[in-house]
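Working notes, structure below.
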Amino acid sequence: MSILVNNDTRLLVQGITGREGSFHTTQMVEYGTNVVAGVTPGRKGQEIAGVPVFDTVQDAVEATQANTSIIYVPARFAPDAIYEAVDSGIELVICITEGVPVNDMVPVYHYVRQQGARLIGPNCPGLITPGQAKVGIMPGFIHKPGKVGLVSRSGTLTYEVVNALSEAGLGQSTAVGIGGDPVIGTSFIDCLALFQEDPDTEAIVMIGEIGGTDEEDAAAFISANVTKPMAGFIAGQTAPPGKRMGHAGAIISGGAGTAAEKMKALEAAGVRVAQSPSQVPGLLQEAMSA
Amino acid sequence: MSILVNNDTRLLVQGITGREGSFHTTQMVEYGTNVVAGVTPGRKGQEIAGVPVFDTVQDAVEATQANTSIIYVPARFAPDAIYEAVDSGIELVICITEGVPVNDMVPVYHYVRQQGARLIGPNCPGLITPGQAKVGIMPGFIHKPGKVGLVSRSGTLTYEVVNALSEAGLGQSTAVGIGGDPVIGTSFIDCLALFQEDPDTEAIVMIGEIGGTDEEDAAAFISANVTKPMAGFIAGQTAPPGKRMGHAGAIISGGAGTAAEKMKALEAAGVRVAQSPSQVPGLLQEAMSA
Amino acid sequence: MNVHEYQAAKVLATYGIPVNPGKVASTPDEAEAIARELGGTVVVKAQVHTGGRGKAGGVKLAHTPVEAGEAAAAILGMDIRGHTVHKVLIAKGADIASEFYLGVVLDRPNRKVLVMASAEGGVEIEEVAKTNPDAIVKRLGDPLVGFRPYQAREMGFEMGLPADKINGFAAIASKLYDVYFNEDATLVEINPLILTGDGQWLALDSKMSFDDNALARHPDTEDMRDLNEENATELEAKRNGISFVKLDGTIGCIVNGAGLAMATMDAVKLHGGEPANFLDVGGGANASQVAKAFTLVTADRNVRAILINIFGGITRGDEVANGIREALGQVAVEVPIVVRLSGTNAEEGKSILAEAGITAVTSMDLAAAEVVKAANG
Amino acid sequence: MNVHEYQAAKVLATYGIPVNPGKVASTPDEAEAIARELGGTVVVKAQVHTGGRGKAGGVKLAHTPVEAGEAAAAILGMDIRGHTVHKVLIAKGADIASEFYLGVVLDRPNRKVLVMASAEGGVEIEEVAKTNPDAIVKRLGDPLVGFRPYQAREMGFEMGLPADKINGFAAIASKLYDVYFNEDATLVEINPLILTGDGQWLALDSKMSFDDNALARHPDTEDMRDLNEENATELEAKRNGISFVKLDGTIGCIVNGAGLAMATMDAVKLHGGEPANFLDVGGGANASQVAKAFTLVTADRNVRAILINIFGGITRGDEVANGIREALGQVAVEVPIVVRLSGTNAEEGKSILAEAGITAVTSMDLAAAEVVKAANG
């Protein structure tokens, strides 16, 4: 088992003929992901890594019954790509694209929810169920199938923690990068709820960072709903206030959104919070045997 | 029994201190409608016909548990008034106001549905459950309590038919004027469904007019869902194409929306369609004894 | 409210939609000068608020400025479906490779705005809907997030556009949707939207109607009103809060309420007469409104009798009767009048009218029969 | 991106929000001339991208043009929280009857836009939130139908505004919401929004920040950028696709990935050091990006050692190592470098670096400890 993506995933790539899209399609196909279709308007009939290209998502879904879509189009086309996917019946949309204006994402967020679909990202590395489906830009080989669910706002930092987990013999059920923007489709809480319900996830790792209060909200959710052992890490203990740390959402503003508050909230919710990514596997094992 | 309004109606009047608002509040109070509150921003503390005035719908609902609202504000303020009512928890909103631009009503229509509330109108005379609640601008005295449900796009023409029904001894369960605009909150079908389910409504009268295809859609619904005896009338058999007949929605365009088509569709659905309003009571009695 | 083709083109141009440049002339000399300025072959088009210009001879090709002047001379003053031509548009002849239809209109059943397109351009869309409905591609704008670019692309692909024309088409469709919403139109139509020989999109002819209820927030639109195209009586009625539509019959109608006014026309017809007008006098039906209604109705020389149909609701029958009497003191009405009064205080009202020598009845059908008789008598 | 008060006022004015008219001066003479033109008492305000101007002496009242010149002389060149004053705004003194706060900002938990107001104007909203949270009234704009006038009225009534001031306040709040959305702001704030002695609304001071990701569609906003207010190194980094934030420590950091870059700073601190910067080199980490990163980091004289932390994912460790070697051939780095390489081909990478005499380790904690030792050694 796993959450969101698995062997039943029939993946569509929006923006498949672009530089990023074609590169990562090849990578995903090589990993074994069931990539069934790609879309670039006007490129019908082409193939990328053996995957047929269509003009519209509607055509692609009709021809291939794709149920999941990953988006690699430039930022100014990303909201339209998300609408196209959702309106064509795609249930799970992963938007890798970085740099989408926040004002564009506000209506997108609410529209996607209203239509009953799920969006992950934007500005995220995607998600992976090791051994089944890699739907994103993460290096597949560092992941090992297993029982640890991982959810993170970060990219490379996630790989760091996944690598440490795998080396410690802690494989992953699914690892989800939810993205570093202020408005993202899927939150920590959404993923924690899915992991809590997933019978094959036995423990959960959560990687947060400065900015917003999603970690605090997650802590409240954990106290009330999560019974599985958890470890976590929050990046940005040394970040100054008022400065954006790379991610559009990683900013301490008006004194709110500090790492200290987030760590405190998670600890109070029973999550073992690491000082350094390397401590995560040890803390998780502690939690699992507690 | 009845539909939508009755002795449990706790009515709020938006725009209560205006000319129309204050006049009709007095009329509704005299009829016996339970008018609990009025709203005009900045007029808190005043009274109209013994009804206390509040600054906001929120305040009025908190103080009086109003559950229904009727709107008499000018057209350019009407959409905001509808939003205010719906967001303050009002379940049924009746918008009397004429002249609201169609582009304003499109989002209002969908927002109200999305919030699970119901809008009647705009550009309508309101609705009445004789002997219980008059929520609109119709002359109350022509109505008699009874078993006939009536739904109409028109105002005065409805009074004409109601009067004829009352004189023929056919009282009404509820009479609803849904309004003459191209985009209205509640359609024939909505009302027909409610009348069909209402145990105290034994027969239904439907008054349509040229423009749009709501009557044709209603006919299809009637065929499939309405088992109660029905009579109807369609105004505008002599209306020329391309000309708006008073109501913003009463226009035959591109050859569609003629009275002839509508009459044909209703007749095919088993509705007895009158040539003249005065024939309606007789046809309904025929239908009821058939 | 409708506007002329040349005005619609200006609106399209402000939204960045490519239109065929042209200028308007009111005289053959002006037309010739414009043709000289534009150079080459031009087309001279009647500017009237009606379709069917082509069939009526209101569109002519001119190869030289002199020909353009001659064409204008032929078209100006022409009557097209009851509309007199006061202006012609002189535009460059376009090199048409293919013609399309593109329109935006309210979809009443869905309460959403519909974008329609067809590869059968240059033909009325109602005609295509009848003969080849599958040729029409449609997409609904979402009431909350609008018409999305992907929808426009889907329409382009469904119409079989070549891949390199998709984005251009999609941009025009999105802009036309913006025109519809931002300008509070009730219809915007480009027909034909063409691809030229060198592969450029061009809006060759367009049509727009605007929501009368929204004109207050669009003074620029109101400025485009052409009084030549409007019925003077209808405008005068509107200024007085009366809805009036001129018809071809002989029986003038004065009614309170739009639905009842239509039903009254229908009753006249049912009893063998022909209504001369639709007239909704509005709620009050007081003396000054009724007097104004008399003026409007009697301005029509065809009117041979008048039917006043008032259902007394909030307004009482005796008030209405007094209003009618007073109005008759202000306006000289030389045709027979039949009054139908029902509802509140109808009997009192009828007595008042009887004293003034006016037939007043209770039944609408009877009143219709009476007025038809009076008109024929 | 932030703008100055005088620029924000111009934006507000284009939306019809009443602002206090004023002009900007770069010299005391200009300031004096503007004060003379405005007449009466003026206020001279430092234009810097930071708060706390008042406390720092950056806002002075001047009763005469000469006093205005003197005030400008005192303020220009002043350092306020690390910002040098290059410009002052000279504005008419306002007759303040009461002060309010009005702001629009993203509400992240709700994914909606929040309008906030308070009758405690002239104080930072964060301060009010701490001392008197009930004084702040809030309403969320609906993501699909926007911020509605009734919401603005509710806010006005909740703040206790008199009835005749409600509509004026509501109009300003609605316009400020439009500014936020139409201009792709991340924050717009009027503080204080005042009522003058004669009952007029006036935006006396305002603040705006814009979404960097949306600047491409707002060239007018980009034009307002004040390079004096931006860290030159950060701008230079941005042009090269590198995220860089200057900090106060001694250990330079070069990392791939924003989250990992923060975690690296944290690790440096955990091992007793202080990071000199946040630096995310982006995805590739090739020679030219690393060389650019070296240039950025070594521009800071405080840097005593550099930690390069690369997790090899899609990019292989050996490629990164070669990139670092190559970069070192392009940029002279005179402080010790510690490299942490992990992930794909990390071992090959470390060998390559060892050959070049560079310490390379696998553990991030070890690397952090090493670099702190190197900086202190």
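Order of writing sets the labels: A, B, C and D. Residues in every chain begin at 1.
In this section, contacts are C-beta pairs under 8 Å (C-beta built on N, C-alpha and C of every residue); 3 or more make two chains touch, one makes a residue touch a chain.
Every value quoted in this text rests on a predicted model; they were computed, and no experiment measured them.
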Rounded Å distance, chain A centre to chain B centre (Cα mean): 50
Distance between chain centroids, defined by C-alpha means - chain A, chain C (Å): 55
Separation of mean Cα positions, chain C and chain B [Å, integer]: 28
Multi-partner residues of chain D (each touching 2 or more other chains): 144-145
Shared-contact residues (touching 2 or more other chains) in chain A: 107, 111
Graph class of chain-chain contacts, one of line, ring, star, complete, other: other
Full enumeration of touching chain pairs: A-C, A-D, B-C, B-D, C-D
Complex interface listing, chain D residues touching chain B: 142, 144-145, 148-150, 153-154, 157, 163-164, 166-167
Complex contact set, residues of chain D against chain C: 144-145
Residue ranges of chain B in contact with chain C within the complex: 27, 75-76, 99-107, 109-111, 137-139, 141-142, 152-160, 163, 180, 182-183, 207, 209-210, 212-214, 217, 233, 235-240, 243-250, 254-255, 259, 275-278
Sites on chain D touched by chain A in the complex: 106, 108-109, 111-113, 125-126, 129, 143-144, 181, 184, 186, 211-214, 216-217, 243, 245, 247, 255-263, 265-270, 275, 278, 280, 311-314, 342-344, 363-365
Partner chain C, residues of chain A touching it in the complex: 41-44, 55-59, 77, 80-81, 83-84, 87, 107, 111
